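Each chain carries a letter (A, B, C and D) given by its place in the written order, and its residues are counted from 1.
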């Protein structure tokens, strides 16, 4: 029984955010994640690495140790360990520690590329922070509601860059740097998104005319995802306004950031919690 | 009579999307289109072409054969073959096979440029995929409703880039790379769309001041197409909300992705179908 | 009396757009403007100029002659010639012919720069086309209503680029190409508008950090003009919807592109005319 | 008593904007700020500095003198001098004069870098202008209401550029210019914001594919801040419409730029004042 209580306390502290201990744990974890990312980034700078290699290595072992303990405790106190291990956060928590162990087990001389890749893969540790962005309910829901429109938009962009890439490949050809269709499609993407690196630019007059068309098109169709998302978000915000009811006088129409009922002044539920409950009903 | 039935079955399978066979045909066709595009793209990479030229050629012949059969069957089973042949999709289906045959009939040595162009023109095969994006009703209608505003926007942009191009031509002149007005207009388009290749940049102080003005203008007027499209889409989505009625209780106000009536719970028509019927009324 | 009638007929034809002759005149004028612009642009391309100098010169004289006649006739038939001459269109019509005459009167050897500038200034002839974009009522009114917000936005951008320009000037200094504050402000504008020519880039780590901040800021504040314009346009479109009344049943709520009353089917006034009348009331 | 009246008159003139003298003072101050900025900017151009060093120096001393007097008078006539000194404007007013004095007290030979930095820091004088942009109530309130959504957006962008930066670092490596993770993150920011300097571009095929993905992502997520701001601004504008009541007939629903009540024609309060009062209630 005592064991069960310990497990439960750990669960509330580690997975929950409402207790004081839970909040403290969250802040400590966020600091640990960011610190370990700083160590990783510093480790990638040749001049820093030359001087502090040893210290950075020990810090890295320390953080890996901490995240390993965190992972094991989560597995232990979770009511359904298998479900946690298979969930997005379970996988992210595992990925945060795995690369360091894999590097240890690999003979350091043999696969330099693989090891460098593994080292850098520790950057995915940053995804552990996603847990604390969960509150972005309304944004995610708007994106989700617009997913079909977004898919159509991306398909259209894919068709456009393929066609423009092929056309510039014919017009400019390998002599002007457009050596293959994939490379030409890369140019089309650089141009249509208005990034414009300038590492590959049309040299012929016809090529420049086509490039101008691509730019103007890219410039205009940017309006489409913006329009889709704005319209969805606006609708979402308005339907939310109608859905939230005051627990005291049960009138609705509250702004999305209202903390008190505008009719009777009673306190309203936390804005982001509210969205969730509105969704469930 | 049996012929008529075969024709009808073919028609429903090939042109329709509601039967099981129709869906299977669609998926097979999409896979064939994408595969043939992959072959075409691979064929344009010199290193791949050097090694796999023969295999890629045979695959290309196979896909052309398939699309030829598809085209003939569509012509055969369509109730109005002439109308189909003249429609957007009829032309696209023909364009998807024509280049390969034309290349065969041309003597390979003579018009290298033409042949390369013809080969690459097969990329328009990608437009066969547009058939499956037809669901983008609401997006297309918003664009269509905004077409006058969009035309005015593009005319304004055309006037602006012509004037800015001419001004930079006077200010910078051929000695700084602005050798003609068309080239200077190309610079103005590169700048106003915020692409900024950097292959042609002002060198004089006055030129830089003009470039700054062009950039700020481009940066701001981007708001115009976005605003137009967003406002139209929003209106479209709201009028849609009012138009759709529940078949059971005939109350309206359903969200654009609602599957069930929010008043009585009856199933609603498929969202995209719905838009069409609303349009027809 | 006859003179007066001729004057009136000319007025209706040249200034009006509702008669058949008026429409024909407009189309002819648009063709003449665009043709003269094509001549001007061709004249700026060295290779074309080398071969066709004479022909282009004669065409230019012809167009200048045409526009001179047009200007004189407009002055003659306008009820208030002085008001026309001082109006935007009067000035544009004069500017369209002035440069050619000025070039003739200048001794060709002396002021080469001035003459080249004068030649190119003929490009402002394109502004004669603005007359035919007058229909952009709703867009212009939205911009006008948002003019204070837009002014505040541009002031903010001006303050930001000045500060970021000065900071990068201190951080990078003349040794990395940032030779003066105006040049550094130019860099800040290139960066904040996401144009990114790449002709001037930070070399130090601190400079890169500042550049990253500038980019992210520029990327985000793009939302502000878009938001302002979208919100104004949306409100404009909705107030328009409420204002337009059917001349038969006098009910309102018509879409901005509706040609018939949605309640009784009577024909409605032309959409763009309608906006004007709504504005007057 | 007389002293008190002088103090009060000064206060109304300097801090207020409603009296004639107050308006005159504001305009004089704006001219002084802009002039002093022009002097500062000219001083940074080597060729101008070479010739006019002395004159620019004297002008600078004059402006510093003026701003010092302004600061002291503000301190004197403010009812709560300490509160003013600690407020945003108090700090800005102090910062506008401090650098010039600090430069005087520093031995000119020793810290060249510090002195140059101090000189340029006078640019923050531009923030004195912010006082006159205070009217941007509605824009600031929309941004403030959207601050949580904006924070989530920036966190997402930070996570994305870290991951994409690390991935390109692994793929391209130091041999293609991606020498460290911070530098690779800089590349990711340049790419995702669609700035695209082109000083650092992927060389490998895999790197180009990743860059394409980054661009498309950056191109699309630009929709998010725009959507957030537009939706908030729209809501703000509509709630404003409901809140403002006519002082005569007390009916609401006035447009944000209305100067007269649309029901009875009585004059309404100044639009921007109105927002403030609506906020206070």
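Convention: contacts are C-beta pairs under 8 Å (C-beta built on N, C-alpha and C of every residue); 3 or more make two chains touch, one makes a residue touch a chain.
Just so it is clear, the structure is predicted and the values come from calculations on it, not from any experiment.
Q: Going by average Cα coordinates, which chain is farthest removed from chain C?
A: So the farthest one, by centre of C-alpha atoms, is A.
Q: At the place where copies chain A and chain B touch, is the share of residue numbers found on both sides over half (same) or under half (different)?
A: different
Q: Measure off the straight-line distance from the CA centroid of chain B to the CA centroid of chain D, and report it in whole Å.
A: Averaging C-alpha atoms per chain gives centres 41 Å apart.
Q: Using CA atom averages as chain centres, what separation in Å is found between chain B and chain C?
A: Going by mean C-alpha positions, chain B sits 29 Å from chain C.
Q: Among the residues of chain D, which are close enough to touch at least two other chains?
A: Where chain D meets two or more other chains at a single residue, that happens at 153, 182, 185, 194-198, 218, 222, 226, 228, 230, 234.
Q: Taking the touch rule as given, give the residues of chain C at its contact with chain A in the complex, in rising order.
A: Chain C residues touching chain A: 194-198, 226, 230.
Q: Quick one: which bits of chain D touch chain C in the complex? Just the residue numbers, please.
A: Within the complex, chain D contacts chain C at residues 37, 40-41, 44-46, 116-117, 120-121, 123-124, 126-127, 129-130, 133, 135-136, 138-139, 142, 150, 153-154, 157, 182-183, 185-186, 189-190, 192-199, 218, 222, 225-226, 228-230, 232-234, 237-238, 255, 257.
Q: Residue numbers of chain D touching chain A in their complex, please.
A: Of all residues in chain D, those touching chain A are 145, 148-149, 152-153, 155-156, 159, 162-163, 166-167, 169-170, 173-174, 179-182, 185, 191, 194-198, 201, 205, 208-209, 211-212, 215-216, 218-220, 222-224, 226-228, 230-231, 234-235, 239.
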